[in-house]
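So that you can tell them apart, the chains are marked A, B, C and D in the order they are listed, and the count of residues begins at 1 in each.
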Amino acid sequence: MRQPLLVVKGLQTHFELRQWGFLRLGSVRALDGVDFTLDAGESAAVVGESGCGKSTLARTLLGIYRPTAGEAWFAGQSLARLQGRALKEYRARVGYVQQDPYGALPPFMTVRRALAEPLIIHGVRGRAERERRIAAALEEVGLGASPEVQESYPHQLSGGQQQRVVIARALLLRPRLIIADEPVSMLDASVRVEILDLLQRVQTEHGIALLYITHDLSTVRHYAQRVMVMYAGRLAEQAPVESLLARPQHPYSEALLAALVDPEAGNADQERQVPQGEPPNLLNPPAGCRFHPRCPKFMAGTCDRKEPPAFEPFSGHLAACWLRRGQ
Amino acid sequence: MTEIPLLEIKDLRLSYATERGPVWAVDGVSLELRRGEALVVLGESGCGKSSLAKTLLRILPRNARPPGGQVWLEGVNVLAFPEERFRREVRWLRMSLVMQAAMNALNPVIRVGEQVAEPLLIHRGWSKSRALKRAAEVFVEVGIAPAFLSRYPHELSGGMRQRAVLAMALIAEPDLVILDEPTSALDVLTQASIMNVLKRIKRERGTSFVLITHDVATSSELADRVALMYAGQVVEEASATTFFRQPAHPYSRLLMAAVPRLHQREKPVGIAGRPPSLLDPPPGCRFAARCPHNSPACAQDPEVIELADRHRVRCWLPVGGGVP
Amino acid sequence: MMLETGADLNRDRAWMRDLRRLALFVGKRLVALVVTVLVGVYLTILIANMGGKVDELRLVQIKTAAAEQIRADPAFHDLPSAEREALMQAQVQLEVDRLRLDEPFIWRSFDYLYQAMRLDLGRAEEMHSDAGSRQVYNIIVERLPATLLLFGTANLLVFFVSVYAALGLSRRYGSKLDRAVIGLAPTSAAPAWFYGIFLILLLAFVVPLFPAGGMVAVPPPDDPWAYAASVLKHLALPVTAMFVAQIFISIYSWRTFFLIHASEDYVEMARAKGLPDRLIEQRYILRPTLSPIVTSFLLMLIGLWSGAIILEQVFNWPGLGTLLFEAIGHRDTPVIIGSVVIFAYLLAATVFLLDFIYAVLDPRVRIEGGRQ
Amino acid sequence: MSQNGRERSPMSPWREGFRRLRRYPSALVGVLIIAGLVGTALYAVLAMPYSEAQKLWRGGEVWYDLPVNASPVWLDRLTGGQAPPTLKVSSRDAVTTTREFENVTIQQLILPFDFYYQQFPSELNLFLEADFTQRQPFVRLAWHTPDGLEIPLGARRIGAAERISISQDQILTRRLGLPPQIGLFAQDQSSGVAPGQSPAVRQGSYQLVLETVHFEPDTEIRAELVAYGRVHGLAGTDHQRRDLLVALLWGTPVALAFGLIAAVGTTVTTLVIAAAGVWYRGWLDAAIQRLTEVNIILPLLPILVMVGTLYSTSIWLMLGVVVALGIFSAGIKMYRAMLLPIREAPYIEAARAYGAGGGRIVLRYMVPRVLPVLIPTFVTLIPTYVFLEASLAVLGLGDPVLPTWGKVLHDAQTQSALYHGFYYWVVGPALLLMLTGLGFAMLGFALDRVFNPRLRNL
């Protein structure tokens, strides 16, 4: 049986808005109670619109933001209590791949220098040892063949190459989890698949768990085993990919799937079903189910009163929607 | 008798002066569009599609050299117009533009309504209140409450801003609206709802569109016709049906195979390599280096071949053995 | 119909909202600025009193002065020395009480602060105003209009000329004129007084067209028109000096600024909309950039207040700068400290003006300035 | 456009920048000027040690043989003039004849010199030194003009060291009807000169004949006649006969050092402080911002004036105050605005994610990002501080012992140099200041265009 690598329970990250450094104006509930587990070597996708809290989730798990409440355990260690050396150690265990590959590399450092940074920080002494590990990592991501890549500055590389360097950097410290936040959304269609393939390959080869954060459901099918749909700081639904695609349980997931098109000839002839309105302001989110103001299946008196817990209509398929209460 | 196309681009060329020499962003592009049609110009970043849009409206950056070729708008070559005549007669009245980043397309210090109504004041000489009233109508049409007319751009959400920019493009009822990546910065649901607005306007008003995008899925949402660009050139131009079902150019086929699809079991396949530099493109077919069908013939510039009515391909392959 | 009235109502409401936000913002800035001035002036007081050390020096001064006075007075000559000593002590004590030198400095520093905030700047040691007052406040206030006249004229000239020239140049990007201005920009490395010296040399001595210094002919003409003409003639050289020192760098930096802004998406959009060039320049380039322009202009002004001192001295212009220079000559400490305080007020006023204009010009500031 | 260079070998952004810089002629001129100034500064420091420069600038006897307010030689030649330089004849080169007469030695000293100039000397002094134990020797002076005329200049006893100001001689002035330095050299005194018209110079060989009477056997007399010229050296002299070249030369290292230290001191600390504030946010950032706001309303020059009047005018104190007040300047706001988006840059977030600490992020990730903008600012700031130092000196708050350009200007100002037509006095230091300003500004502007990313694409 697989060990859960990451256990997240009721995780909340709020941002306080203050005026003049002390007057409290309120707090943005960017991440507001998220539960899930991630097994070692598993790949799970987090899907949602911008501002739904998926990047906040990534940053909280990376230890960049401190959670306001709730807990996350990584390999049995509590994340909230990590300090000093242990936190640094943890950071070596978690790799990070960002959306903008150009921005993710210091523009004034060569590739070699940028890759040496994490090694230096984590005390890899000896230039030769560092060079060896850098070369190996570049080899791994398919950039090893050309030695001049190491001497290049980020702006001299193509988007795909830049993202490969970023992945190499994430692999350098031999992580057990890679968090990839929209790793391909700024790349061209022809390159996207290659980068996703690369991520998938290193993930399976090294048994690394992957948290793949994306707004693009269409890539999910081939590159993740499980999907979590986020809306307004909460998980609306989580399920194995095939199950979610075949039988979405949350109206928000349904809407996402309906809005998404595969390129076909007839698309231009029909309008899509789109829920009205925009995602709520997280400074003051609606009571009850956060999707209820836009929900086509809104049930007055229920959805706007109480927050739906996660029901499990099918095994391993959780949906936070009152509609699934009876199943 | 063939109908006069609404827009006909003939051998359009555009280069930017850079330190290392001219960069040919648009290199001999020919396209045509009939009234009421939507043409999608599809291509990856740096292929010259945005330069094409800017050339059509003649809003080129300072380092651009004067474009070559012709742009015929209902039988008149507007590219030859002097600047002032082009401004008075073509801009916004005949052709309007929706920009990629709506956030930046609105002047931050002027109320949204004034900006949207401005073309009517300038080109039609309407009074401000009349123009604002019209703006309110268009706002409703694209799905924003008219109350937002008196707001400043930063008080609007991203989706609303994009709608406002769309309203601005539609307000003078031009024949042709050029959409440059209108939804790429938006979320899936907002994207779908804006595409719905565009479809409705096309259906109800008969407006023609040129949609410029890198996103194959988005392109299928509006296209009657598709033109695929690669390294400054159009490599294939076809009806949407033909393009999405039986693309002829190897690049088109590889690109279609690289698109991840939700409802398809096969994994997408990437295209190895990267596009050539437009600074000093290789002779011959520009896709040759990445093409699985690369042959010695590809060292020569391929001709544009009309495979069927209004289906053109820039490739040697159909000549050498028909559509493979 | 409904739409129309709705829109109109909305516009009125929008104006009200803007006004309310503006008032709130300005109010907050005013409070913040008062606190800032308070701290700044207090710091000045600390520096001016060497953190209290000045008192010891002053005590010695008082003692010697008292001794001197008693020794000089023939009435006291016959007194026995002990009695003379006591008399001297009493004299010293009187002065110490008056200046409250026996209290800890820290308490008095707050008194000084209170006085400074009330513009009660004390009495000058040596100098006096033309009207004969020894009050530092009067001395300074008498000089203020001259400084304001000189600086107001020069800076407004620089501001308007450079903004319009910059707009024109940004249109003629790359032309010979454009390149000439770029080439001349480094000349602004030298301050105005420096050009002043050259101007005096050339236009007052080599070719005596203008007076070399002063604000008005001596004796001043009685006829107000002749008086104004004379002031204008005296104003010409110093204003030219300030103009020359600032104009090229201003044009250059604003031209660059406009050029950068001309590639903003909304400017491109305005061009695509077919707006005439002039309208684009005014509504889409000048209008959104006006707030940063005003900011940089006023920041420059802050720098120039300092330069005023020497410029005025070089041209013998009877303003605050010359006053400060004279005060240095007389080692008249109260006047020097008073000038510093007044300059601090002027700078604070400049900063406030900046905030206000910024908020009026840029709707984003009104909202975001409130919460960060 | 993503035309990035597969075709060219990787190049560091700095090298790339300097390669671009070469295309700006103004940058080249700027570099040449700066090189010249640095060379001058080095020369000054090496040729004239600090203590000597101070001693020379203190003035006094060191300059006894220089004229007052002489203009530079080149200025006179440039205007086609033939102004005389300072001529000195010493008894060492004199023709001496001695005869004995009743225990008394009578010595005749002839100090000859040629005078072939269009203008009169500015002053005429005779310096006499005599070694004697008890009785002072006696001297009788006679002036021999080229056409053989002899003008007696009186007789007197000689002290151990004496200066005889011939040009100040009231009796002689009355006798000649002209100041002696003119009258003794003028043509045709008998016919008289129309009032308001200056007489012409009589060119030729002059002699000053000293007839000395010694009363002691070993008495030796040394005499030196100085006919002060109207021009001197490269820079001229001031009202205290000091050679301005000393100040102009030594002003260079002082100005450069002041400008450089002040510019480095303010820009670097400002940047690091701004970066730290932006990174750590919270109270640190708030404190920095409030301090900056207070500092903005503190007027720099008046405070410097205050400090200079109350404390000391030492250049080091001034430098300290300038740097202290310069750190929390408007520059902090500028850097803050630049650094705020950088704080949010993905690469910083990545650095945090792989465990980089705050100090490392500030110094290694944030500061280098702004350096390209800092360098031009820094270069253009140098002349600002150079001029600030000059301004202080012009106000009379210059360092009491150092020769600087500003102090020359101050002297010129107080002596109304322009009013008296001593333009060189002002022009020399002003030109040097201007050169410094231009040199650094030209380089700075070119650097700005190369390294400022917002300007690069213009």
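Here is the rule we use: a residue touches a chain if its C-beta (ideal position, glycine included) is under 8 Å from a C-beta of that chain, and two chains touch if they have at least 3 such contacts.
Predicted model, so just to flag it, every value in this text is computed and none were measured.
**Q** Which chain lies at the heart of the structure, taking centres as C-alpha averages?
**A** C
**Q** Can you name the chain that lies farthest from chain A, using the mean of each chain's Cα atoms as its centre?
**A** D
**Q** Have a look at A-D versus C-D and report the one with more C-beta pairs in contact.
**A** Of C-D and A-D, more C-beta pairs in contact link C-D.
**Q** How big is the gap, in whole Å, between where the Cα atoms of chain B centre and where those of chain C centre?
**A** 54
**Q** Chain C to chain D: how many Å between their CA centres?
**A** Chain centroid spacing, chain C to chain D, equals 31 Å.
**Q** Roughly how many whole angstrom separate the Cα centroids of chain A and chain D?
**A** Each chain reduced to its C-alpha mean, chain A and chain D end up 67 Å apart.
**Q** Considering chain B alone, which of its residues make contact with at least two other chains?
**A** 45, 62
**Q** Which residue numbers or ranges of chain D touch two or more of the other chains?
**A** Residues 2, 6, 457-458.
**Q** Could you list which residues of chain C touch at least two other chains?
**A** Residues 173, 263 of chain C touch two or more partner chains.
**Q** With touch defined as at the start, can you tell me which chain A residues reach chain B in the complex?
**A** 49-50, 158-160, 188-194, 196-197, 215-222, 245, 255-257, 259-265, 267-268, 271-272, 274-275, 278
**Q** If you look only at chain A, which of its residues touch chain D in the complex?
**A** 21, 59, 62-64, 87-88, 91-92, 94, 96, 98-100, 103-108, 110, 117-118, 121-122, 148, 151-153, 155-159, 166, 169, 173
**Q** Taking the touch rule as given, give the residues of chain C at its contact with chain D in the complex, in rising order.
**A** Its residues touching chain D are 32, 36-37, 39-40, 43-44, 47-48, 50, 54, 173, 182-183, 185-191, 193-194, 197-198, 200-201, 204-205, 212, 256, 259-260, 263, 299, 302, 305-307, 309-310, 313-314, 324-325, 327-329, 331, 333, 336-337, 339-340, 343-344, 346-348, 351.
**Q** So in the complex, which bits of chain D are touching chain C?
**A** Contact set of chain D toward chain C: 26, 30, 290, 293-303, 305-311, 330, 380, 383-384, 387, 391, 394-397, 409, 413, 418-419, 421, 423, 426-427, 430, 433-434, 437-438, 440-442, 444-445, 454-455, 457-458.
**Q** Tell me, which parts of chain C touch chain B in their complex?
**A** Where chain C meets chain B, its residues are 3-4, 6-8, 10-11, 13-14, 173, 263-266, 268-276, 279, 283-284, 287-288, 361-364, 367.
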